[in-house]
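Below you'll find the structure, written out as structure tokens, and then a few comments.
Here the chain labels run A, B, C and D in written order, and each chain numbers its own residues starting at 1.
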Amino acid sequence: MINVGIVGSTGYGGCELVRFLSTHPNVNIEWVSSRTYSDQEYSDVYKSYFTLLDQKCVDEDIEKYLDHVDVVFFATPQGVCAKMVNENVLKKVKVIDLSADYRIKDVETYESWYGIKHASPEFIQEAVYGLCEINREDVKKARLVANPGCYPTCSILSIYPLAKAGLIDMDTLIIDAKSGTSGAGRGAKVQNLYCEVNESIKAYGVASHRHTPEIEEQLGYASSSKVLLNFTPHLIPMNRGILITAYAKLKEGVSEEEVKKAYDIYKDEYFVRVLKEGNVPEVRNVKCSNFVDVAYKVDPRTHRVIMMGAMDNLVKGAAGQAIQNMNIMFGLDEKTGLMLAPAVL
Amino acid sequence: MINVGIVGSTGYGGCELVRFLSTHPNVNIEWVSSRTYSDQEYSDVYKSYFTLLDQKCVDEDIEKYLDHVDVVFFATPQGVCAKMVNENVLKKVKVIDLSADYRIKDVETYESWYGIKHASPEFIQEAVYGLCEINREDVKKARLVANPGCYPTCSILSIYPLAKAGLIDMDTLIIDAKSGTSGAGRGAKVQNLYCEVNESIKAYGVASHRHTPEIEEQLGYASSSKVLLNFTPHLIPMNRGILITAYAKLKEGVSEEEVKKAYDIYKDEYFVRVLKEGNVPEVRNVKCSNFVDVAYKVDPRTHRVIMMGAMDNLVKGAAGQAIQNMNIMFGLDEKTGLMLAPAVL
Amino acid sequence: MINVGIVGSTGYGGCELVRFLSTHPNVNIEWVSSRTYSDQEYSDVYKSYFTLLDQKCVDEDIEKYLDHVDVVFFATPQGVCAKMVNENVLKKVKVIDLSADYRIKDVETYESWYGIKHASPEFIQEAVYGLCEINREDVKKARLVANPGCYPTCSILSIYPLAKAGLIDMDTLIIDAKSGTSGAGRGAKVQNLYCEVNESIKAYGVASHRHTPEIEEQLGYASSSKVLLNFTPHLIPMNRGILITAYAKLKEGVSEEEVKKAYDIYKDEYFVRVLKEGNVPEVRNVKCSNFVDVAYKVDPRTHRVIMMGAMDNLVKGAAGQAIQNMNIMFGLDEKTGLMLAPAVL
Amino acid sequence: MINVGIVGSTGYGGCELVRFLSTHPNVNIEWVSSRTYSDQEYSDVYKSYFTLLDQKCVDEDIEKYLDHVDVVFFATPQGVCAKMVNENVLKKVKVIDLSADYRIKDVETYESWYGIKHASPEFIQEAVYGLCEINREDVKKARLVANPGCYPTCSILSIYPLAKAGLIDMDTLIIDAKSGTSGAGRGAKVQNLYCEVNESIKAYGVASHRHTPEIEEQLGYASSSKVLLNFTPHLIPMNRGILITAYAKLKEGVSEEEVKKAYDIYKDEYFVRVLKEGNVPEVRNVKCSNFVDVAYKVDPRTHRVIMMGAMDNLVKGAAGQAIQNMNIMFGLDEKTGLMLAPAVL
């Protein structure tokens, strides 16, 4: 049994972690912590867990609770994990951070986009960017995993094959993203009320969203180049799911056949499904599952390729991928506890 | 391994059966059949199953396909199962019928409310009404299980304790029910289009819904009386879930304490959760799970009790309960393959 | 021109008042006030009014702003209007209160259900309960109108004909109500976030909702009896609209014909539509309009009548009825500014 | 009074035409026609019109009904209007076609994208493309107006200022569009059922949507160049509304100041609102109104401009703009009957 602790367990990401971990065959949830609800029953915060998780939330003075756990998940706001991680912690437990603290290798980029001082930059290089399909080997040996952002996971996995194969002009890359509202978190804000989100759509963070440098860095590694792109997220009236639609010019002379072949890179991946020709990713086809559905369409009129990806932001975009990382770190089959068929309805 | 066949696999109930059975540890889906999509890939009908279920739908000439299966699920329109079941079939396989064909013991009541002639009334008495929590012992020995309707499951389980204990005046019973739109099925009808359902509510089948006699019959058994009640379903703009709110006069002198004690009947049931005082059932707390959450509130002003229940119509109201029945019939732990925490988001 | 002021203009009710009044041919919006957003542009609070309403919100020290207005609307939380109204105010302006402060004639009932001390009980008797179709003559002469609650408007108008005609047993009356989420207001509460409301339903205020005594009082007047009933509201994942489904025993010997005749009481009413037999009220058929659609169904099996009503909670249930009252008070055609066809989509 | 006839009145576009025209102060609806519902009460098809429109639908043999009308709206599938229009018709009435038949000047382009033979190409040149803000003067004199498509209206109005001013590189133009489900029409198709659309998003018509050549042609006129672009529409779980997000490289040396100045072209337009800096278009801010909200954001990192527009697809994208065109053709103030504040809720 892997004993786990979950910091920030009462946000939406934390809630989804609890959901998957509570039925994971190799896991025991040792404790859940919460700043806001400490000392309250978890099943009073989320009544769906009534009879299922009979624990009180502990406070966030985490070091007190490390002795009986093997791994700690941080589903916390930016900056929290960076403050809590130190050599002592990493000697005791493995850490999987669902926040952005260790995702970006260049600390100045992090500090300028996130507007906070990084509290433990000395661990950034050691941290492994936990996009399992790409960095699986490094994850195996990691003490500290930076679980990728939701938009970056879906964007990178959709674009990676063509970036890696050098088939697209990276200067022309545009990512138009759409996300369900759980991505906005559980904070009590007027803008996230039912009546403010329902029957509407809007872009937000236009030309300024924090996931931009994360995507740029990873696609930069893939394409061995410095990448600057436009990334525009939109808020959609649904609970879960992300769809990304990306556009780029194919390099001169690149054929549809080459594009097709590049996506074969995923042929042994369980969680990335390259759709059959003529199909497009739909959020409902991956909902509540750890799958990412990707597809592409070459437009001969404009010699652009449209790359599409759909994913559940709370699963492969957060809790599911975190568990996939845990499975890899502890030598389990990476699909353990994640073998759910999508809830199409 | 239990080898299963699913008739009517491409409706919403069938789709949910496939979802749960495809990850059930003791089940092999031998075939799925469909009238509309026969000879087409199941994963072309529901693209969420791409890479997960690599089978073509067979036609509905079921007798051809019985040799290699242990149990057949019918998720078909009224009348289909009754036509297909015969002694030969029941000798070969166990049958779990998700339609209404064998639910009502009085064939005249069935024929008058459903407007069709029953094709095999000789099996009605043998069929076990598969409300697991109430008829578990009979289900164990059954060849033919009539899986309860969605509204009846939620209504009966919410009211049963007080009906059984004789605490309410059955003549005063009123059930006001609300259901998500998947209950309306997958037929291509204008009235079920997104824009016709969204941002609206309406009652339907007022004083004439077919689930009325099913509820009346079962609550009649519980209360040892003939029950006539009002049942009004409403269509709600959401995919899944049922909420029922039921009203009855408490018999004279009945105390809140007695009401509370009556619900202890569920104290050993895993899938029925009697909520703590002050809590009310919410659909999201049971979504995608096999739980039924029930609660009651005594109103001293009117000496009525309000009984409430929430359930996922596709799980405990259809596929989940069918699998719970299968587990019982085959001697498995009845929770096998159904241990999912609700997807509160 | 009628010069109006709106107190509490930035809540959802206030927003809807502004919407209708800004296009009312006989109205000039002189000022809008807001506790939370005072001194901010109204069109920064609701960006839909950009270019349409070029005013800053004033504070809520209303007496300063009475000289240039003819009528003041209060779309404020309970207790605010009662504190502000006094003889001086009523000498200067007419007051239409959308809160509950003057709806209930019995001050003890008000204070016990609302849990606050009434600040100006001396005006309760003078105040006219502004259910236009019933109290039109009194509204004409009123200085102070208590605009009915949303649930009471829909409930009373649906039940009134049978209560008035003495055809139902008032002791058996049960009202099961369903409301869109705008009824919960614009406060930043976790429970009203998109992801907490979407894809769910729940009852709330079971046997304790504050609209209960308001409905009981008015139906008491109609039936010349003391009425105690059960009223259960439910939260529905949609922005606007209320549906009520009410149940009562018909008195012995009452025929369907008599029921039908009782509803003729509305034959000259523009805003109350008694549907043709076989039709049921649907929220979408009245959305964004001032109509209330009502229907009934007699169940011969149980000798009950099911009474149904649909209405837009923000229009006939709040702003629209308030304007209808204003029109009556100022001698205009009561339909002025309210002649919108429902937005079925 | 302008007497109008509406062909195809029972689709969603037709329904919205009826809604606005039924309260237009200068209009009398002489007849409504329907292929599917001919000879049925309009208020049986859309029950929201009960008591409001007391007419039966006539058949679609329109020539019989021209004598008493001044203008005919066609809200019909592609090809219907082209078959019905001839010199005789145009001598009797003005025609406003909401379908695509006369939008594209190059008949071969029309025939190849729409896959049908044009039945009356001789009227294509005469037809005026009714994008009021751009072609107002031509509309005044028109007998035949081609009412623009929903996506084209929103896309063109958002991009037009920069295309016209020559500030963007037209070869880099990409339009990512999102639409509510009413855009898919009222046909009874499985893919448009509530449960298939809700809680999901998908792209459709990728690199092949028919609105592409319409946008290209109009932006070609604006920029005096041949335009080839990528246009990707997405289906969103909401009833109404379109949001477009467009991307283009600014030409070298173009400053943000010049971009800002280009949008001044709309300074006298009532229905196009250029948002204040820092604001983004949201569908709810224009819902149920004839407004188009547009905004832009210059990204100095990539030297791209992101152009955004929000609009109600059924109003400015269909019925509202058609009425705006009618108003212009008949010499009325173009805002007549369209002065509704957006229904933000």
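To be clear about the criterion, a contact is a pair of C-beta atoms (placed from the backbone, for glycine too) under 8 Å apart; a residue touches a chain by one contact, two chains touch by 3 or more.
Everything quoted here is computed from the prediction, not taken from an experiment.
Chains that touch both chain B and chain C: A, D.
By the document's definition of touch, common neighbours of chain A and chain D comprise B, C. Taking the mean of C-alpha positions as each chain's centre, the chain lying farthest from the centre of chain C is A.
A comparison of the C-D and A-C interfaces places the larger number of contacting C-beta pairs at C-D.
Chain C and chain D, compared by their mean Cα positions, are separated by 36 Å.
Averaged Cα coordinates give chain A a centre that lies 46 Å from the centre of chain C. Multi-chain contact residues, meaning those touching two or more other chains, occur in chain C at positions 12, 182, 195-196, 198-199, 237-240, 282, 284, 287, 345. By the touch criterion stated above, chain A contacts chain B in their complex at residues 12, 15-16, 18-19, 22-23, 46-52, 182, 199, 239-240, 270, 273, 275-276, 279, 282, 284-289, 293, 314, 339-345. Contacts from chain D toward chain B in the complex involve residues 12, 181-182, 186, 188-190, 192-199, 237-239. Within the complex formed with chain B, the residues of chain C that make contact are 172, 174, 176, 178, 180, 195-196, 198-204, 206-207, 228-230, 232, 234, 236-241, 243, 245, 247, 280-284, 287, 297-299, 301-302, 304, 306, 308, 310, 345.
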